[in-house]
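What follows is a single structure, written as structure tokens, with notes after it.
Labels for the chains are A, B, C and D, by order of writing; each one numbers its residues from 1.
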């Protein structure tokens, strides 16, 4: 089955109010071309799940697409805090659920294994358990000791970006896998962008690096630089200069409008052009 | 850390009465050199965990080393039933717990994640739930629907066989992985035999096929043909002729004594000699 | 053999099995019939299937029935390696199909591969429930085949429920995992009778309802109207089956006693040459 | 800078951190200090450590601090790729160590990276608990460092417990995950005070107990007897740190404002050349 589609076709299939899981981790291999298209769409009240979020969550908050965020972390790592996330958290303009790295994984895994919850000791003794409205402290049926029941997270859609894919929807991840496999398996519909499409025969040569199986993917988009400004090892490193510009732009309303018009409300092709084109990106970001 | 040891040193470290998880699957990649050494030892009342068992469980039952078997399956696949397992089940000479493929995995995973149980719908509506003394039917705390709590399986020892290993205890599995990673992670002490020792540098070239991480292994044994008579893809296929001989021998007490003296109470070197040596095995079993 | 003597019963059954498969699903098998049905389906009826060459791995390669569960084909044909976790995740997310060959199946579609007689003191201990409880609590389609339809195999009530059928077994389970189809050497059956009991869907050529009733341990429900004839294999179906199984491993499942033993040895001796001839890359990892 | 001016505070802290690590453990890090401590420990103090070059992957390679979390080093140095599941399995089985740099730590060793002020209406929203709850419920040793010991960072009571310390936080948890050591720019602290509160273990040269009390938000417990001086880095320690971080990424963590921004840009521009010089294989996957 040929699952190729355009970025806009992917966005068309994402329902307002939908629960959207996003792969990658902070400033690494976020499906930013898909996220930007979503950010400039008219979708509303999206409920976002991220394990470790970064520019993805922040941008969607910045353009007002988000109704709720389920997260273990949202930040720009060494660059600092995520500005729109910080503002939204402090002004309570949208709903937030603080989870943790493993509990997000466990929630997705519960959805995959079609069980209502997964047990864990993580968050016992912390305030995460106090403020998280979804977790439930229960008693282990064998020992009566306390344990936390993490409910299943059932995304409507997962968005991920990979190094290579074939048109059938198999995907190769060469750097760290983060939680992309869990997102892809747990979601009803998984859409994947890739740096490059390969033939299925070529793809099989990557063996166990073929981490996304086609039975889980609904659509594939070829989008070179599709993770930019986050990194996509080993193809390119994080564009920290762009992220610094992003942080500066987010500091003022005017700056943000300028950023939006240059880098969000344009299509992926124009986005790359506005960075000086692929040649310029190669010279700066190719390691 | 150099973790090399001899087969006998591994057996010395296995306690009578211990809970022993064995990797591989039916007639594929069973750690038979280690199992044979255990079978000829004076250990008693071993409690064996297998997901899909075969000649491993059967041999240990045949030499009287076993007090209990936790299993999803014990058989010789296309060759038929496991003779000593069948006899022991029918005469109830040892204890048996019937689990299932996923519940054994879930029990090991619970041990790894240090939770007392994992929830699953598997076994609801079956007699496995009725006869299994370890499972507990509980209510999901969110919906009050019935679900099965599978308790943690915490092996004292895991025994596995891999294609390649380094002296630090990293292991490469090239064929199907079966439940070896779960066994290795869940057990207090994991001992691994391998077809060949490689340098750590060579081993790293296998990327994601390095499935056993050294932090989980306690000892490494170089034992070429260490899975024989089960197969070890892609190094050699299952020796079904030997397994047919085994089945024939198991049919009578005399035949079994003869088999034991020829193939069990001898060390690994002699075992290979009694098959005509490595050359003969290569010519018959190398694919 | 009740079927037209020009047709081989194995080919009729395999083709019928193949025609039940559809969609984009991982198809696994532990028998020659199962793997040939998957292969034929992929070629002729359901091109999106993701066929596995071993019970757990080698996705999207051509399965070839072997005595050792196809482990070597994975290696030589590459294909995408999976893990046991991948397999069970596919079961739980309903992206998996398998043809199960139970020792007993009853009028409600409960299945038994565990034991004949009481579990606690079995007359015959078989192999154990393996992964059947997972299938019968999670898959939206569950498929069974039996090669020798008899009152000992198709029974009023199984001695042990390894797999959950309809009726009281469904309590606590939703419809996922309910029995879909049974193919035997007499015909095709489904579970659309009263209370989800077994019903005749079609009969193979030359088979009468009387013969079915005679060879079944309970009165099978026969819907009103004319009973359709099972659609027979086309010459193309037959050619594909024979090409994929030149050693006729499939015939083993129809044999027993000395005939089976002789065939078995013959196949075993020829298997390696056949593999080498088909896949010259075989043995690349050899010493 | 209270330390001997000939010694750099970063080198004193990193060396002290390195000396706490021991055993055969995966060591992960998301900061330059953490990765340099792991690297130094492996070279000098704990040769069995399995150091990761990214927060989740690249086991047994030399970590080099980069702005983008070391993703590229994994590729060029090979190393053993892990998954997020591997990381959390290592945490749960206590085969994992990490140096955590919290925004706040309190007298019981509770830690906060989530928010300043009330979670529901934070004065400053930080990043979210990430994986700290998993660490503080499962690891037998948990390590913290803070580079600017102040009453705002080392507080009587954290605003939000992202990580569980001693005291009431331990209810429902066993001793695994309890705080072990805090290293700051003033000294080394443990949690052997009354009721598991913070106690002075050693002071860096030139630091007095008075200064510690002044810069701490609560009265730190001072055990009887003479307070030891922190053991200083040897010339070899210093050489290893400097060689491993020629771009001085570690200095960034000590800076802020324009100084940090300038340094950041300088490192970013030089990072690629440095990688190319060290690892000529970089870029092999490039188009």
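Following the convention adopted for this analysis, contacts are C-beta pairs under 8 Å (C-beta built on N, C-alpha and C of every residue); 3 or more make two chains touch, one makes a residue touch a chain.
These figures come from a predicted structure and were not determined experimentally.
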{"item": "For subunit D, the least number of touch steps when starting out from subunit C", "value": "2"}
{"item": "Inter-chain centre distance, subunit A versus subunit B - centres from mean C-alpha coordinates, in Å", "value": "40"}
{"item": "Gap in Å, rounded to a whole number, between the CA centres of subunit D and subunit A", "value": "27"}
{"item": "Interface hub residues of subunit C, defined as touching at least two other chains", "value": "81, 88, 138"}
{"item": "Where subunit A touches two or more other chains, by residue", "value": "113-114, 121, 145, 207-208"}
{"item": "Arrangement of touching chains [line / ring / star / complete / other]", "value": "other"}
{"item": "Pairs of chains in contact (touch as defined earlier), listed by label", "value": "A-B, A-C, A-D, B-C, B-D"}
{"item": "Complex contact set, residues of subunit A against subunit D", "value": "25, 27-28, 51-52, 71-75, 77-78, 81-82, 85-86, 89-90, 92, 98, 100-103, 105, 121-128, 131, 145-146, 174-179, 181, 196, 231, 233-235, 237-238, 240-241, 244, 286-287"}
{"item": "Complex contacts: residues of subunit A adjacent to subunit B", "value": "113-121, 136, 138, 140-143, 145, 147, 149, 151, 207-209"}
{"item": "Residue ranges of subunit A in contact with subunit C within the complex", "value": "1, 112-114, 170, 185, 200, 204-205, 207-208, 210, 213-216"}
{"item": "Residue numbers on subunit C that touch subunit B, as the complex places them", "value": "30, 54-57, 67-69, 71-72, 74-76, 81, 83-85, 88, 91, 114-115, 119-134, 136-138, 160-165, 169-173, 177, 252, 261, 264-265, 268, 271-272, 275-276, 282-287"}
{"item": "Residues of subunit C defined as touching subunit A within the complex", "value": "24-26, 47-48, 50, 59-60, 78-82, 86, 88-90, 92-93, 95, 138"}
